[in-house]
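Per-chain numbering from 1; labels A, B and C assigned in written order.
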Amino acid sequence: MLEVKSLSKSFGGFAAVKGANLEVEKGEIVAVIGPNGAGKTTLFNLITGVLKPENGKVFFKGEDITGLPSYKVCKRGISRSFQVVNVFQRLSIFENIQISILSRERRTWNLFTPSAKLAVEETNGVLESVGLMAKKDRTTGLISHGDRKVLEIAMALGGNPELLILDEPTAGMAPEETSRCIELIEDLSRKRGLTILFCEHDMEIVFGIANRIMVMVRGGTVIQGSREEVRSNQAVQEAYLGGSDAC
Amino acid sequence: MDLIYAILSPKLMSQIFVGLSRTVILFIVASGLSLILGVLRIPNIWHGSLYMVGAFMMFTISGAFGGGSVGFWMALILAPLGVAFVSLIAERSFFQHLYEREHIMLLLLTFAFSLVFGDLVKMVWGMEYKSVPVPQIFQGSVHLFGGLPFPLYNVFLLAIGPIVAVALWLIVNKTKIGKISRAAAVDREMVGAVGINVSWVFAFVFIIGCLLAGLGGALVAPTVNVSLGMDQTLIMEAFLIVIIGGLGNIWGALLGALIFGLAQSLGILIWPQFGIVFPYAAVTIVLLLRPTGLLKSTW
Amino acid sequence: MSKSTLGGKGRIVGGAVLILLFLFPLFLPRFYIYLVSIILLTGLLATSLNLPLGYGGIFQFHHAVFYGVGAYGAALMITKSGLSPWIGFVVGPLTAAFLSLIMGFICIRLSKLYFGMLQISLGSLVWIIVYRWYSFTGGDNGIHGIPVPDVISSQNSAYYFTLLVTLVSLWALHKIINSPFGSTLQGIRDNPVRSAMIGINVKLHQLVVLVIAGFFAGVAGSLFIVVDTAVFPDMLFWIFSLEVLIMCLLGGWFTFLGPMLGAAIIICMRTFVSGFTDYWTLPLGILMILVIFFLPNGILGYIEEKLHGTLVEQTVKE
């Protein structure tokens, strides 16, 4: 479904991503791991149009989406959550998700219908499925960090994506929140058939739910393979045990 | 030879020189504004008021010293210092508390100060025009360019300009505090993390910037009617100059002032009624071509 | 806060104010009628600014240009062509909207700060041209004695016309803010990256907002002609733009009626304080400083917070 070939991006002299490769099949859960600074978030930014790559290509469902701006990438069926929480802090939780849905329905140009009446059922549905229904009217700037991360994912869902990209979804979460989040991700994959690409530092989670794992070191792809392949790979062991810290 | 004379006609050269003297004033004020914008990221609308206060203080102080040459030189030193002092108080009492807020708040605070000072000047000095006499050594003109007179005071301004530019460049690039300021412009958190008191660095830069505004006002005083409202058009022009020069860039301010001043002089020569439109048009053209300014900004 | 959430009490107060507004000409002296007219149209101008500013997060630093262009457009149309003034009143806002489109198109490619600066430069250029083009625009005198249709030429009828147009415009703006477009706009304000990531073409939405804001600023400009029968270059001056900006801040730029309140306060201050003393900008400056430090969300914003207890901290925006 998603194919990344030799993607590269530098900032000044610094090569953040250098010839990265990635493959994600439909229905899979793929994890990207690597030491800090390996370029995981930059890679996600390149795929989703937040940054423009200098070299390489990105294909989604066979189509070349290299360098497309974010909103067009989203309309093709890719949604994303951010590592640093990126939500609409002055609006309520309900409105955050609602906008995401309205955007998908191309209703953002509607100037005169009161938005309070639109897409209510669907928004409530999403709220239920992520467990935020009780807090739906609270202003997003005031809710807990864990809830905000869940909201991040919920907003990405509003676009009815085929591919969901999650950037460190459990970062900063407390243990119960983390397991709730993992359950949610697994649910999305199994029940909704969503293809999921994520990156994480917590190896338990990664090896727990990922079908395949891609390892990045210093901007490049070291290996992409199954859990066993990755675990037993020399270069990976060096990268992780050779002094660089995880988390 | 005839062609050269035609191009370098006395009238043209004279106009250019007049433009250059105006450029000096604009440069001095704009460089201060650019410093403040570049390092503190404050669009300092109050700058215009400080320019005006500098001019009015020039009037009062030179009068206090008898109005002659002594008065002029004393005022030229004391007026900018007075302005700097006022700005120090304002910065420590008000501005420094807002550095963490959105820029628009700081912009509106400087606007509020300009409103307050607009009235304060009115209260202290009244509503009539004031005149500052040109000191004796600068009275009269020098005859250049085919006999057209060129005021000696303007020659003085043309000399002062480069002096201020070089002094500023030395401070910003060669002194320790200048280097710290430039670092703080790019990353204030890092500078704070290394143990430097960023707050006082900001205060220093702000005061220098305001001092320049006062200096500009003091210098311009003998050449114009010192009046209320001189702050308003000047602040707009100064901002435009800073914008086209590149935020925080002293040489950019010089370049911008040159473009502005010369465009105005040439404009008046070519099309007297609309001469004053030329600098604004020049600014717009520059920005359309290079929206971030001609030279590198510090952001 | 995407809606004017003053609740039940608010409706009663609002209704009372409306009734008062309609009854004013019956008992208020002439000068006050004029004053209220000015407050209404300036409030509309401020509200139109608040659409991109408070709801869209776009730092529109020179909004007065559209007000002035709308007014001059209408004035020139009325005085130079032979056509009916009504056409002039429509041409004004359309001109403003068109200018807004062009300026927006040029400026929107840039990030926040440079957008503001290019706008200031373009706006200043328009101002200086109007200021100097004596033969066409009346130069620094402006244009006086603009003929206004008889039906709205008396002071009371001018007042009612202004009131009506302002109310309709506010209603339209309110609808827009509460629509999906309005929600999208606020999303863009809060987080443009996020908005893009959920499929929103941020720049295009922002451009549309600017055009709408420009249009209603032009409407305010046309109303000024109805009330004052004159136009002045000061309407285009940058300092005036900053004043309108303060109106939004003072009243509360995250609320719908805040800008109107801000306009009322500033105009009243200017009128009444300068009756006593020459120094009216001093109290305004002091008021602004107090608001900036203690009521950063404006007066109405503060009231809303008290009523609803929802304090959202202002984040540092770069």
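Keep in mind that, in the parts below, a contact is a pair of C-beta atoms (placed from the backbone, for glycine too) under 8 Å apart; a residue touches a chain by one contact, two chains touch by 3 or more.
Bear in mind that the values here come from a model prediction, so they are computed numbers and not experimental data.
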item: Both-way neighbours, i.e. chains that touch chain C and touch chain A; value: none
item: Longest centre-to-centre distance from chain A, chain (CA-based); value: B
item: Intercentroid distance (Cα basis), chain C paired with chain A, Å; value: 41
item: Between chain B and chain C, centroid-to-centroid distance (C-alpha), Å; value: 32
item: Chain A and chain B, separation of their C-alpha mean positions in angstrom; value: 50
item: Touching residues on chain B, where the partner in the complex is chain C; value: 45, 94, 97-98, 100-105, 108-109, 111-120, 122-123, 127, 232, 236, 239-240, 243-244, 273-274, 276-277, 280-281, 283-284, 287-288, 291-292
item: Of chain C, residues touching chain A in the complex; value: 1-3, 175-176, 178-184, 186-187, 189-191, 193-202, 205, 208, 254, 310, 312-313, 315
item: Parts of chain A lying in touch with chain C, wherever the complex brings them together; value: 48-50, 69-71, 74-75, 79-80, 82, 86-91, 95-96, 98-100, 102-104, 107-116, 118, 139, 141-142, 155-156, 158-159
item: Chain C residues within the chain B interface of the complex; value: 59, 106, 109-110, 113-114, 117-118, 120-122, 124-125, 128-129, 132-134, 237-239, 242, 245-246, 249, 278-282, 284-286, 288-289, 292-293, 296, 314, 316-317
